[in-house]
Amino acid sequence: MIRAQPFRHPLTVYYEDTDAAGVVYYANYLKFMERARTEWLAALGWPLAQVEREFSRVFVVTHVDIAFLHPARLNDRLDATVEVVDRGASRLVLAQEISRADRPLTRARVTLACLDRDRWRPARLPAPLVAAMENTQ
Amino acid sequence: MIRAQPFRHPLTVYYEDTDAAGVVYYANYLKFMERARTEWLAALGWPLAQVEREFSRVFVVTHVDIAFLHPARLNDRLDATVEVVDRGASRLVLAQEISRADRPLTRARVTLACLDRDRWRPARLPAPLVAAMENTQ
Amino acid sequence: MIRAQPFRHPLTVYYEDTDAAGVVYYANYLKFMERARTEWLAALGWPLAQVEREFSRVFVVTHVDIAFLHPARLNDRLDATVEVVDRGASRLVLAQEISRADRPLTRARVTLACLDRDRWRPARLPAPLVAAMENTQ
Amino acid sequence: MIRAQPFRHPLTVYYEDTDAAGVVYYANYLKFMERARTEWLAALGWPLAQVEREFSRVFVVTHVDIAFLHPARLNDRLDATVEVVDRGASRLVLAQEISRADRPLTRARVTLACLDRDRWRPARLPAPLVAAMENTQ
């Protein structure tokens, strides 16, 4: 069985991302990971805006477990990856990594709940989105 | 004529506010100034949420002219001030300053438009809010 | 045995903290938690700057496990708490919570490494800082 | 005389950039503009890191005059432009714009001081950087 590579989104570290310790501020890795998730859904053919418009579904992060292994620095060119590691009826668990030249700097497990946008309650992942995820794995 | 002191809001510089140059990142002074405006309205007796609820009015910044004179640094205790310098029917111009121990670090002139929240169009400043501003000058 | 309350730092949610979903952006809870840690050390008598100056020690976050239970919203008055739950020679594990009117909104376990500032290597927690932590528990 | 187009850097609006009013938070346009300046220098062949390494020069923003004309929103694809409008011995004035589909949303004039990195004092713009700017106008 051939398994696809995780989705990969390139990033550049600007001054806004760093702090006085000379490294990327720890909360900002979560921003990088969210950018990668957004681009991943768009690459699957289901941008967030379309998921909301067609299915009245939004995603919220309910849990993050993140290890900070090595610091990223100003001007670094990074990659942020996204990979589905578990899936429930209304829940996605993603493995995400920020790396520089294939060296992992942070590694996270991010749990997302799929919500009905109007009732703000858990709701099934839209079937076409699930199908798109399966086709790339 | 006795003129009141400008409104003053105390701030602390945390890592999140700084960048790899070891100083507060330039965009973050605008955050500090917005915190001070929010607390100023609350101190006048008209918190933003109440202005919106009672008058359907919101404020948007339409123009900022800001000079960065000296850098603020990690752990600095700062003050952000607010002073009305001009007022139109649906417009406020504020002088704002960020200082450390009375030394000005940044100085801005901030123009706000008062909008009707539903039509997103210029709308008169609520009279009770104007009265509250005049009482403190 | 009487056990002290966790350290508590009050916070206000401003526009800068929120996102287009109308709630606090998930990464920003980590900013709130870091502000609380900074103020907690200062309240113990050991502000970060002094720890660095006297002992050449800095803290870096190496791991965060955070659950997002309920959203915080614009203008909310929140509390961020800090409590030591585990301690190694050069490592601290903190329980941190963001709550509104005693209702927990996010709950995290944050692991910090104590590093020698010059060699950027794990280094023992300064004894006076450990003593100060023990006195408040 | 043929005049070159301003440098143009593409951007996407993510949740991190927006606020509870549903639009891009005003301070974040300054982040977008700084990203564009960084990429502009890199495109000229003089990335910030190289300017600092070879000439011991850094840039700091000393003044911004910015008008917020129309709001940008979640998922917008934007362009940020950079154009030199004035130049002194140790000073650059840039016109910068954020636009969506050629409609300007914010427009700024940004003044940068060129500093000697060690003495943190105004210092001449490096001649090769000036030459690179002139070649593109």
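Going by the order they are written in, the chains are A, B, C and D; count residues from 1 in each one.
Here, a residue touches a chain if its C-beta (ideal position, glycine included) is under 8 Å from a C-beta of that chain, and two chains touch if they have at least 3 such contacts.
Only a predicted model underlies this, so the values are computations on that prediction, with no experimental measurement involved.
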{"item": "Most distant chain from subunit B by Cα centroid", "value": "A"}
{"item": "Chain pair with more C-beta contacts, B-D versus C-D", "value": "B-D"}
{"item": "Computed distance of Cα centres, subunit D from subunit C, in Å", "value": "35"}
{"item": "Gap in Å, rounded to a whole number, between the CA centres of subunit D and subunit A", "value": "28"}
{"item": "Approximate Å spacing (C-alpha centroids) for the pair subunit B, subunit D", "value": "25"}
{"item": "Multi-chain contact residues (two or more partners), subunit D", "value": "15-16, 21, 27, 31, 34, 74"}
{"item": "Complex interface listing, subunit C residues touching subunit A", "value": "21, 26-28, 30-31, 34, 58, 60-68, 71"}
{"item": "Interface residues, subunit B side, partner subunit A - complex", "value": "15-16, 18-23, 25, 27, 73-74"}
{"item": "Subunit C partner contacts - residues on subunit B that touch it in the complex", "value": "12, 14-16, 31, 34-35, 38-39, 47-49, 74-75"}
